[in-house]
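Pasting the structures here.
Each of the next two complexes has chain A plus one more chain, namely chain B in the first and chain C in the second.
Presenting the complex of A and B:
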């Protein structure tokens, strides 16, 4: 089974998320955040989504490679569950980002290399989803989807990490020559909520992926039982 | 480590049969002339539509419009060689060539076709919209290098799409997002060429394009045997 043998990580996820949500709303802000003002609290929701998404998609990529190497159906099911969860996480990150952008830049979408890269990357993963839905033969579907997943992950990394670094101008923090959150954080203690938030959100989505993988495996086992009964 | 094992496996390939197979594919392209000429007519009509709807375009619009037309017209011409193959064709080629040899053959044949299409669309574009490119050799170089990358992405993704149940619908969705990184750099570089900034300014973009192309081809060669298995 794809069950993770530790139960405590679920409890840890709940505790860390409770801490993040409650203390994230109560924490006093640093004085020099400027126009960001109270919206900087979105840091605890928007940024962890992307960190967790990169981690989850990377693990899914490794599972895809492992599937092609030794053809265990279990690995592909885990990779699929992780990739779908990664897409969900990316969409959450996109929507929280649009909400943030609407309140600070004045529009939910701007012509920025980081945003455009993510949009293209999400369409790549939409292609992955389409392959999964459009092939009926299970083994062939698993193979094609794994190959496509192995293809798109390096391009996705190139799109959201390398391209914004190459771009001259970007208003999104953390790329090009724009502002960085390190410049704000000198006097304050926002990190004590930020790092637990990353761990908490990632663990929550790992939990979702685990449930999904277990469901798929049980479904497959049921089908096999029907087949050989 | 894995890379080294793969490289050692693939570096001693027997490539002696490839020129003949490339020749065969090009000949079969030449045989059904309707398919080849329909791509040329498609390009011509697309350029004509852009001319009629946007009569006086400037240099900034020129290169983006050029690349839009190139990718939307050549996708049919490049991918149809895979999409029209049925299961029997695949089995036949499987007996004659290994998957890697087949992919290399297709990459070379499609590169030559793409070269032809790019030169033709550039010619038509320059004739209809007027001579807007200041540095025509740099533009040609960028067009060829980007065209190589685009044709290899088209080849690999159409080989994936050909195995799905509805290839015609899936193909554009699988292909266009993968082309975007190449296209972004290509558009940027060809804009520099239309402004005539000189070859030296294009050098970094050209190198990045060549490196991305090599990466795509290596990934394709490593993965093609999993796409091909029946």
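Presenting the complex of A and C:
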């Protein structure tokens, strides 16, 4: 079964997200965040999307490897559910980032290594989606998608994480000369919302992926029953 | 009564600094917090129901 045998993580996700939403909006901010002003609160909503996406896609990548090793259809279904959820998270991060950028930098898309890396990366994952939708033969599709997924995940991480770090200039935090918690003054206590936010959002999307995987498994079982009836 | 409750809420929140007081001066931020909480609660309920429906289906097909 694709069902995760622990119920507590769903409760934890809800509790952590309630905390994130309520306290994330009310927490006092450091006074020297500059042009960001109150929008620094997006740290609790926009940034966890990307962290969670990377974690979820990494687990999907591991499941793709496991599928190629021993050909259990279940593994491919889990990898697919996780990858699609990861793409959803990435899109959430992308659109929130565009909105934030539009209001801070004055443009939804700047010519920045981090943003361009994400554009290429999301296109690669669109390719994964295309494989899933365009191949009819079930096993061939599963193998193709797994191989493709194994191939693109490291590239994706290189594009959105490693390359921006190496870049000389970037206005996006987390790349080049990075902004971090130490940049801001002592009143800063944003970590106490930021880390729970990452855990909470990730667990919520893991839950969504779990539901999707279980649905796909049920569908597959039904098809098998039809086949052998 | 309404003002009284608001004052209690404002007291619970730690003392703020300049940028912050502008943000809260109207006190209306709590409306946004409330609305987000409602939306998130409904999404949670929806997910829980979806989860239990699938669990039921899994049990039936076993």
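Couple of notes before you dig in:
Convention: the second predicted complex is superposed on the first by the 223 of 229 C-alpha atoms of A that agree within 3 Å, B and C clash if a C-alpha of one lies under 4 Å from a C-alpha of the other, contacts with A are read in each partner's own complex, and residues count from 1 in each chain.
Quick note on the criterion: contacts are C-beta pairs under 8 Å (C-beta built on N, C-alpha and C of every residue); 3 or more make two chains touch, one makes a residue touch a chain.
Computed from a prediction, not measured in an experiment: that's the story for all the values here.
Of the two partner chains placed by superposition, only chain C is touched by A:207; chain B is not.
Of the two partner chains placed by the overlay, only chain C lies in contact with A:37; chain B stays clear of it.
When the two structures are aligned on the shared chain, A:29 is found in touch with chain C, with no touch to chain B.
Contacts of A:3 after superposition: chain C is touched, whereas chain B is not reached. Legend: residue contacts after superposition of the two complexes on their common chain; A:136 is shown touching chain B, with no touch to chain C.
In the superposed pair of complexes, A:87 makes contact with neither chain B nor chain C. In the superposition on chain A, A:150 contacts chain B only, with no contact to chain C. Interface of chain B with chain A (complex): residues 156, 160, 163-166, 169-170, 173-174, 176-178, 180-181, 184, 215, 219, 223, 226-227, 229. On the chain A side of its complex with chain B, the touching residues are 68, 120-121, 123-124, 126-127, 130-131, 134-136, 140, 143-144, 146-148, 150-152, 154-155, 158-159, 163. Touching chain C in their complex are the following residues of chain A: 1, 3, 10, 14, 17-18, 21-22, 25-26, 28-29, 31, 33, 37-38, 187, 204, 207-208, 211, 214-215, 218, 221-222. Against chain A, the residues of chain C that register as touching in their complex are 13-20, 23, 29, 32-33, 36-37, 40, 44, 47-48, 50-51, 54-55, 57-58, 61.
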